[in-house]
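Two complexes follow with chain A in common, the first pairing it with chain B and the second with chain C.
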Partner chain A sequence: MNIHTTPQRTPAETALIDAFGERLSLLPGDGAVMLKRDDAIEAIKNGLPTRRVESWHYTDLRRLLNLNPVPDFDPAASPKAIAPVVDGSAVLPVLNGVSSAKVPDIDGVAVQRLSEKLTDGSIAPGLDSYGADDAIGALNTAFVADGYFVDIADGTELEKPVELQNLQSGGQTHVRLSVRVGAGAKATVVERQTGDGAALVSSVSQLLLGEGAQVTWLIVQEQPDTATHLAQFKAHLGKGAKLTLFVMNAGGKLVRQEVVVKTTGEGADFTLRGINLLAGDTHTDVTMVLDHTVPHTASTEVIRNVVTGKARGVFQGRINVHQYAQKTNAKMACNTLLLSDDGEFSTKPELEIFADDVVCGHGATVTEIDHDHLFYLMARGVDEKTARGLLVKAFVAEVIEELEDEAIVDALEARLDGWFVTHG
Partner chain B sequence: MLEIKNLHARIVDDGTEIIRGLDLTVKAGEVAAIMGPNGSGKSTLSYILAGREDYEVTEGDILYNGQSILEMDPAERATSGIFLAFQYPMEIPGVATMEFLKVAMNEQRKARGEEPLKIPEFLKRVKDAATLLNMDMAMLKRPLNVGFSGGEKKRAEILQMKLLEPKLCVLDETDSGLDIDALKIVAEGVNALRSPHRAIVIITHYQRLLQYIVPDTVHVLYRGQVVKSGDKSLALDLEANGYAGVIGEAA
Partner chain C sequence: MPAVQETIDRVRKIDVDQYKYGFQTEIAMDKAPKGLSEEIIRLISAKKGEPSWMLEWRLGAYRRWLTLEVPTWARVNYPKIDFQDIHYYAAPKSTPGPTSLSDVDPELLKVYEKLGIPLREQEILAGVQKFDASELEEASDNVYKSGRVAVDAVFDSVSVVTTFKKELAQAGVIFCSISEAIREHPELVQKYLGSVVPTSDNFYATLNSAVFTDGSFVFVPKGVRCPMELSTYFRMNEKNTGQFERTLIIAEEGAYVSYLEGCTAPQRDENQLHAAVVELVALDDAEIKYSTVQNWYPGDAEGKGGIYNFVTKRGDCRGDRSKISWTQVETGSAITWKYPSCILRGDDSSGEFYSIAVSNGYQQVDSGTKMIHLGKNTSSRIISKGIAAGYSQNTYRGQVSAHRKASNARNFTNCDSLLIGDQCGAHTVPYMEAKNATAQFEHEATTSKISEDQKFYVMQRGIPEEEAIALIVNGFVKDVIQQLPMEFAVEAQKLIGISLEGSVG
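After this line comes the complex of A and B, so read on.
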């Protein structure tokens, strides 16, 4: 007799597995893609990660995913495209998980619907998980039905940003945004994640930077406090490529934003700047895994967090410097402004260095509002609430101002002001 | 305008008494100089007037236009017309100076029931004041006081004072860290604010500043009390003979 053990499934796990059975016939993909989907749902059947899985220690997905019921797919949900973060951007909308057949023409840029790439199987290799603990990758691979595949030709210099707009109004959406930036090309991409429903969103972005390509990628996440947002940003940086990734989390009930970056070409340069604005009874996790795999590459990461209410935040930053990656220069900082007694923030920096000639460092601080600064502002007649608001905003605005491009800085500060109006 | 009566105050943290029965009256239109050796309580007095929480008044009262200000927070005191020019203005990264000036001016206007300034009018006022103080507008685009030299910070304080048009100005060691040219510019800025409706309290170590801002009254502070008051000749006397004589008389 075989001993057959079935793990005790949580309601969330059961809901996902049942949903897969129901959705399967609707999901696009050739044989190769469907095999990847099968592998992915198997991973979920084996159980969502718990706090015993190291990379999920501060975000027990198996438990937290049950706090809000996993919603059913809602074909009737119909969010409307919204004005872009930066005026004049070319908008590629994904509404309730579905791309648009009609997108703006952009010189030097080829845009395909991801549903087509899934159907012809050409994107199948990109659907692999990056590790056994890649629950977001698995969830997305199992269910992804659409998104965009954007190819920016070699040498193209985009004057205006491209905004990838992923909008939900309830239900489940699973979206993938793939962008290839050719050699020597320059672009700014805004990844907009928002909506107004109690949705479960998984979104995976994949970015490939060719030799000498320069990209500024802004993730602006402003989900409502009813939504679960599970996102992944993966990038490979070729020789001499430069990527500035800016992440702003300003919403969501349960949020995990993973950043998985590899420098694969010498002279590649990665900058991560993040602000987490945390309020209410929410949980937000930013987890970065950065691999310096070749010599002479650089990275800096600065994360600034504002914690109010009963919000909980996490930043895990892991930098792996491979054995041959000599002359790596990596610096990481995580600074938190804790504004309430009930809020909390956990930081876990990890440096794993196998090369012997590198400069790597990290630092973390947790502070309250500086009383001397507060006194100075109040002594000029600024009331306490406004003065506190100015100081909190200043704490995060410093990171935004590093982006230098005036249109982007102004646009992000406007998002910031919006958050303070609602939560200040 | 300002009446300080038998004021006693201590540091909240360790209970050290700094001000020990201080009496001082400053009338509208008057420029009063407060002098005294190190540790006599001069800066503490300025902080207590501005409402800093680190100090606690244990006895006595401070009346401003006949009303006690002890229960008012720093912002309420400021909007009622009290201004402290800091000895060491704080550097506040991330807060743009212009943005701060606009917020401060408009908060004060709001408290007085006035409309916020229109942007062109605001810019004009800042530009005019900056020109008088020989300040570069480019400096005001930087974060508040960040990377300003000692002299630039002091000028920025006087700039704020001009823009906020307070009724009671308290200048804490505004002359320290200024070279002679900057001192003259700052003094001219202060003199331009002299008015029958305004009182100015100048806290200083040295007589130097008082050559350029001539006081109506001079008060010597020692161990948290005013031990001697007089006219401007008292400052000259202190410069010539030091504090020892005055302190000796008091002791």
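After this line comes the complex of A and C, so read on.
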């Protein structure tokens, strides 16, 4: 995994390797799955990525994981169930890394516990990492014990969202959420990542979109500032499929959210909207790798960041346009409001283009609040604090409002308000 | 000369090859044996008649270099370089200074002729000593109607001649080869050499520090506006040599200087190494403008041969309100690996980077800039235009960072890429790092091809396709061309046209 062999293991690496030894007998999986686990722990034994590994340049996992001790597994931890983000959603909870045997019936949707898929080995091919520096994939493959496999049948149109909850209350949890959406199906999925403990969480979501499927996927991450949250979202978009991914990071001590998307069918359309609300002494990294592999596909990404306190934020976005992928239309923007002198934000929007008949662009800005805007409001008698609050909120709310569904917009704005209340 | 004629004929036959500077010159050369060792460095230093501190400096760099590894992070692929298979020193055999053109090695004159340098200027370039002031005046009047240019010509490893020295000296400007500066102005060299690019900076800069053989030295004293454009012309001629030049430009308080470098090399099957270091120092209120027209041999249509251009260029805006501006037109070299950077240390200092990188055939370009904001109220501007055609790979790689104390840092970056053909690649890798809330960074990048509409519009007016494309491309790069000194803007435009020939249709 790591080009630099590291002779001395860090405490975090040792803790992970030891934990693997202890957990091994409890981990479900047939021969194929166990072989994948062995490969994965081998990658971790070779060392966690450092800043010398390009895709981890701004998030030195090897160093950062050592800042907080890696917690032990805690079988006694029992997080409380919580209400879904959008009222009326069908909830599929994973509590402390364990899925529920009793899940609601949804028409056209087959739900299976991931532990079963691991035991019978049918999920094994999906456990491969996507590249040499895929540390999150390796960590998850080594330890994953449960999660859900959700199969939405062809042509199914879900009225209400499905909420996949990954709740922790300390210890280590490693969860995988796998969703297949059949041809022509429509669905909204909420991926909820939260809890109240000093945890190490790895969570991998896999989404397969069939021909003409339309999915809105919302990641709502609100971990406490004691948790390390390492997450990955991987999707393949079939012909004419449309995916809108919304990511909201509003918590966590050390957060890395990877988004790995591939358009594999012509006419596929990918939209990413993200807001990162950063406060305290935390580190949040959103890294996207988007592959346009076939002709006539489109993508747009808009990321908005608000940095306060001593927070450090990172956005890396790489768009690869393969040689065969003519007529690609790809646009990416990353805007950051840096509100404190102790905060920092680093961004690396990359374009790698091998096809000539394309329109690709990216833009990135880092700035403070526009003084003219502030003056405009204050000239109308709004005090400075309120005026700043309004402007910052408008800056991120703009992204939420692009989601068409009113219930979702309202629910997300409520969460946004909640963050502003606690973080001033 | 049969060898030269042969080369030219061969070039003509290969019509995809547009490189017109691919002649070689059979001049008596004085070469060091192949390979690199402390002995070779001692030899170079001795040949140059350098003081002992300079030799120690070189040896220190060499020892450091032995511990370094070849950098691999750039998007360029090339076979491993055997650093022991290169001549680190090659110089035209020294003869007593010629007194008239007829005394000058006719081969050297032929070189200038091929490069289209007028006779008077040739005389000056060849170092004919018989000048008196009036003749110089006349020469300059004839040659430089549009503004005078002082030239320092570097042939393989050695600076052949520097023109207009006297006139520059009257203004207090020192413009000479770096070897001469080491001998004549050791206090200045010792003070500034390595202060911007330290010997330990990177693999190629360290190699250069150990073995650099020549280059230009410019010193513009306090309050002086350099009366003419300064220019260096680099040519790599001898087989299996590496060219390692070192340029050091210092502008004292309130000084201004504009400097241009041009490069060519003959066509050869094997690759040649060029690893230069350029250091600029601008003190309070000083301004340095550095322009490059790089046209090293890019290799043939199959990607064979060509120059490996691994260059470290860095400017230090050391003083308050200082300004450094880089402009580059890159059309040559098989591989380009260069990132002219600005360290904005002084308060209110500013840095600029304007670049056109054209790649065709199997060329690989990985170029960009770094703007490091350290002082207060600093600003920087980056305009980069990449054009990729044929089978080439063209990468922009840049970094903009504002440190904690760099309040009100301001940056604007625009990098656009144009793709011609579906076998080439264009890549953009910008890094933006803000550690200060008052920093204001903007970055935008686009990649596209020439749209059918644009082409149709031009062709519909009776302009053939190839010309139409050249016209659109020149429009695309206009922002950068405007930054070049006038005389070179025309040349650069032609060069871009030549580089892209054969890429259409």
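A few notes on this one:
Keep this in mind: the second predicted complex is superposed on the first by the 418 of 424 C-alpha atoms of A that agree within 3 Å, B and C clash if a C-alpha of one lies under 4 Å from a C-alpha of the other, contacts with A are read in each partner's own complex, and residues count from 1 in each chain.
By our rule, a contact is a pair of C-beta atoms (placed from the backbone, for glycine too) under 8 Å apart; a residue touches a chain by one contact, two chains touch by 3 or more.
Computed from a predicted structure; not experimentally measured.
Aligning the shared chain A places chain B and chain C next to each other free of steric conflict. Note on the composite model: angle chain B-chain A-chain C, taken at the C-alpha centres, equals 80°, rounded to the nearest 10.
Contact with chain B, but none with chain C, is seen for A:E398 once the two complexes are overlaid on the shared chain. Look at A:E22: by the touch rule set out above, it reaches neither chain B nor chain C. More residues of chain A are in touch with C than with the other of chain B and chain C. Once the two complexes are overlaid on the shared chain, A:A379 sits against chain B while remaining clear of chain C. When the two structures are aligned on the shared chain, A:E42 is found in touch with neither chain B nor chain C. When the two complexes are overlaid on their common chain A, residue A:L351 makes contact with chain C while staying clear of chain B. When both complexes are overlaid on chain A, the residue A:E368 reaches chain C alone and has no touch with chain B. Superposition on the common chain A brings chain B within a closest Cα-Cα distance of 14 Å of chain C.
Chain C makes touch with chain A in their complex at residues 73, 404, 417, 419-449. Those residues of chain B that touch chain A in the shared complex are 50-53, 73-75, 77-79, 83-84, 86, 89-90, 92-95, 100, 103-104, 107-108, 111, 143, 160, 164.
Touching chain C in their complex are the following residues of chain A: 54, 323, 326, 336, 338-341, 343-368. Of all the residues in chain A, the ones that touch chain B in their complex are 371-373, 375-384, 386-387, 390-391, 393-398, 401.
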